[in-house]
């Protein structure tokens, strides 16, 4: 079940970058959800290439079609299959990668693991696969809306430019107001500048996406292996180019004392709350009703417009040259992917939690 | 399957901190492995409480018994059940936690999720559960030894004291030579000092465990969701008190340029190697034959010997007082747990990889 | 994972009878298998409606398209998605079933379970879903051919007409030589007659499909719950209209004595063989190298061309009238479905068995 | 996950016939169920050897211990581990089976599959493993009692002696009133006679267990592969010595016409009912609220007190002689096993069904 994620609300994705199409089957989506195709379309547009000067200039339309599982606008409880056809499969010249391993790509490892490899545009290892996740995540968001759960991701670092404000001071309605998807305009400007500069240098740079989920009910997450943050981490680390995940106080929490780090409980009206939230909304692996927040680190994109040392499939030394149109920094387009994976995990654990008590 | 981890080489753990016993079933361990009980015992001793002045002074013997799956010293391919009986179940006074929620513990979330809660020593949420993982991980190590895979974890940070040397400069045979499990004696001394000082202040502190796996064959890891590092991250984040995971260049890779970060390929004898290893031994989610390395961040232990603000199960304000004997810093005892979870993931993916080709 | 079957070689199907399309994702098919599209097409044609006078006269073309997972004619180890588009989705008049529950169909139970229901042609509960299984089963057969495994199913009973010959006396090359798919022409003629007669009476009748797998290696099947025959039974019982499954001596074995029923071992050349095969090729849940054989019972098709008592979605008494074109007996078209499910199980367990020993 | 069964309410069993112990972990049992240990004990006693003259005279006490998951008499939502220690592990003389393959046992197939084999008493392939299932099934029954579900199995055939009455005419309170567990005393007497006679002939005989589940809510079962009857079939076929499974009209339904077989719907008060129940309470794979009923065929026990032709582990001809104390007919002790597996399936699907609607 290697291309499947989830326990009850599950997704199985398929497809290669330059094959006939890619897509996803959502199995386990409860019946009775209004499937708003426009909303799915908007989510896909947030991810698609060619949106701005700081993303790849490649054009892909990412039109999707729902093949099953929706009847008269509602989910029926049966598998929802969505396909995104690759309109541009024209036989490009792939000779520069067919027989050479691009550094820090999946070329070499796929070649060794499977013996054969669809080298066109990276095949299955292409980040194009995440379009299917975004489509599925949109459905998960529609399900979560029934419970008042809201998910907001944003770019909190691009290269060395870091947004220093804590998430509580941000206005998430501004995230989509600039091309880098940072809800603080001043920082956004700096990020855009550094990305644009890097692009001009024919190089790439990394970044960090932060994510906040509000309105998550108490009780999601399972002891022991499927702690909510462990599954969120799994989900985030499965996104292309991700190198790290932390939630709540994260790596910085390491240097804190227990007496500072512990989140004191108090009562606010009927609700048990915590005065601080170093726990990131998750205690003992289970949501405690506070905001869930986490960060995801993305490495610099491996495709650069420069010559690089490598070897070919015969094991001879080779030079890989940069070609095509690629993102100088992946994080602006990663924002909807992080949200989608977060939504899928929360939808799944919300359903799992229905079995906690007799 | 919430208490199960793995696809083929799977573990299912059970047991509460102060119940009759805890343990694990390993299902899917191949037949024909020599099960060295002494080795399992040694691994458990590395994790057990009461080892030194910087761990909890609580004594637990962690004697285990193998109930099944081993015949004449060999694994038979059937489930290996191992039980660690709790010798000290005496009915202590738990009134201080039975009806109060300890801050940053799992008390509140378990209470809300399940309605009932075994509050004795944290019940199922106790880190005592990891003893079962260490026992199972020892078996996974015995399996991996057939393939020449070696796993070494060590403490690389305690509070603000950080080991600055890269792992390549360390002699892992020194890890067990000091009580903090840092293979650099000078840094170890500073770590021990800060932990001991924190203990005297009735406080706790966090830390980082680093881990290196050598000899991992090329090809382990599955596209798309079960990238090797995503599953390693899941495994590590499922360990009590973990707040973050990064592999290879991790969060620091964010600020690098693609041209610096990419790992150039070259040929060394028959083997395709990379000149640098920012990939942490994993490319496109699949091992590339280089060393796999990653870091795991642990928060300060939540149990402190101080009074803390909280609420009780009736929702009234309450004060939780520190009691009992607890670790001032969890990382020295976490080293074998990190190794165990790493071994379990590698064993599982080594078996999964047997199905990659016809 | 309700629409998924298998552990390693898995299939996930989707689609409704009259939606845009239906299909399957095969995940876990090893890389390096030559994917013969013509063979898949032939298998689908064996299942498709409208083949003969004793099947439904409905015409469906069942043209499939492979969207992913195959490159230059070979499986790549990534998910193989196949879609069969429904060419005939025209909005027929479904008023006769939209608000009435057809007796012994899934109308009522889907309605109650999900609240909504795609009533067009039975929606997800339609046997049209099995086309996706046949396509996937064809790929499993191509994989099994590497191991010399051959699967032959045939009709052994239609209504009261029963093929009395044991399978050892049959020539499976004759199965496709008549429209009922019984490899004994004399019995086939009687079967055709009884089915045709039943059709003329606007009624339907049941039947039995027998299946024999030759060349299955020793060792397939897992203790305890996933005994090979238990999984074969699960697979067969998941086919529409199936009411029973038996393997080897089956229900008749009940009246035998142990001394008659036991299969004595002997040596034939290098191979351990059994003198009889009441075990049906499976002992202790694991294949023993002898022929695997089993029988699958199908009920009479529920759609009949007669008026029937029922209730409507409002709970009022209603009459359901027969309409459309349906099979008088399902077994001739069920033969390739039984083979497909058998192939999928054997492919999966062959891969699982690669992990039995160190 | 070969020794695990279920999706949400799951069991994982372990243990060999003559190892230290065997047992089960129930993972996913909801919190808040009163765990009645006396009830579990009674269920185990119905299965245990040595109950009567028509079962094996071997004595095994089957005392169980709950190690985890229960606190103050209630399930806590964490794994419930139960162990049954083997009190009689004394090193008997196993030379008669250590190096010979008993006909129609699992000796040969385990030997080939795993290379090693715990031959003592059949090891993992022994029916003793089912004690763990009965213990787990008792917990499932306690859960189902919250929903008014009641499960009754009984012996409906022993050798050629068959109970002809339909289940509707039986008084299940009589099942435990005789040693063969047939609720019709006259038939029971004949069954006892035939079993006793067979035992005297040092032979064995097969039988059939029928099972009826009443009070099952509408909606249990999942399209497509996990139809309720497919999973029940899987569960039953995973019991030692089972050769066949049928539900509702079963194999006899084959000869019926659709017009006879279809179950007409009508309204009874508020409830939609069916006039007949050839569907066996399951339509389209989903429970319809009528009684679920099915039959399970058991072969004659393979251990007979006679000499048999075989081969040894070196492939030489050998004679296997009957030894020890074994059941002449397995069905009286199989009744609680069938009930247990039925309860486990229903508990699991009841929980799964909580996710059907938004």
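A few remarks follow.
First chain written, first letter: the chains are A, B, C and D, and each begins at residue 1.
We adopt the following convention: contacts are C-beta pairs under 8 Å (C-beta built on N, C-alpha and C of every residue); 3 or more make two chains touch, one makes a residue touch a chain.
Not measured: the values here are computed from a predicted model.
The greatest centre-to-centre distance from subunit A, using averaged C-alpha positions, is reached by D. One of A-C, B-C or C-D repeats the interface of A-B: more than half of the contact pairs, counted by residue number, are shared by C-D. One finds 46 Å separating the Cα centroids of subunit A and subunit D. Per-chain Cα centroids separate subunit B from subunit D by 39 Å. Chain geometry summary: the mean Cα position of subunit C and that of subunit D are 26 Å apart. Shared interface positions of subunit C, defined as residues touching 2 or more other chains, are 1-4, 7, 13, 28, 31-32, 75, 77-78, 113-115, 124, 223, 352, 356-357.
Chain contact summary for the complex, subunit C toward subunit A: residues 1-4, 7, 10, 12-16, 19-23, 25, 27-28, 31-32, 65-69, 71-72, 74-81, 83, 113-118, 123-124.
Residues 8-9, 28, 30-33, 75, 77-78, 143, 146, 223, 351-352, 354-358 of subunit C touch subunit B in their complex. Those residues of subunit A that touch subunit B in the shared complex are 1-5, 7, 13, 101, 103-110, 112-115, 124-125, 129, 157, 159-160, 198, 201, 203-208, 218-219, 221-227, 229-231, 233-235, 237-238, 243-251, 253-267, 270, 272, 274-275, 278-280, 283-288, 297-304, 306, 308-311, 315-317, 352-353, 356-357.
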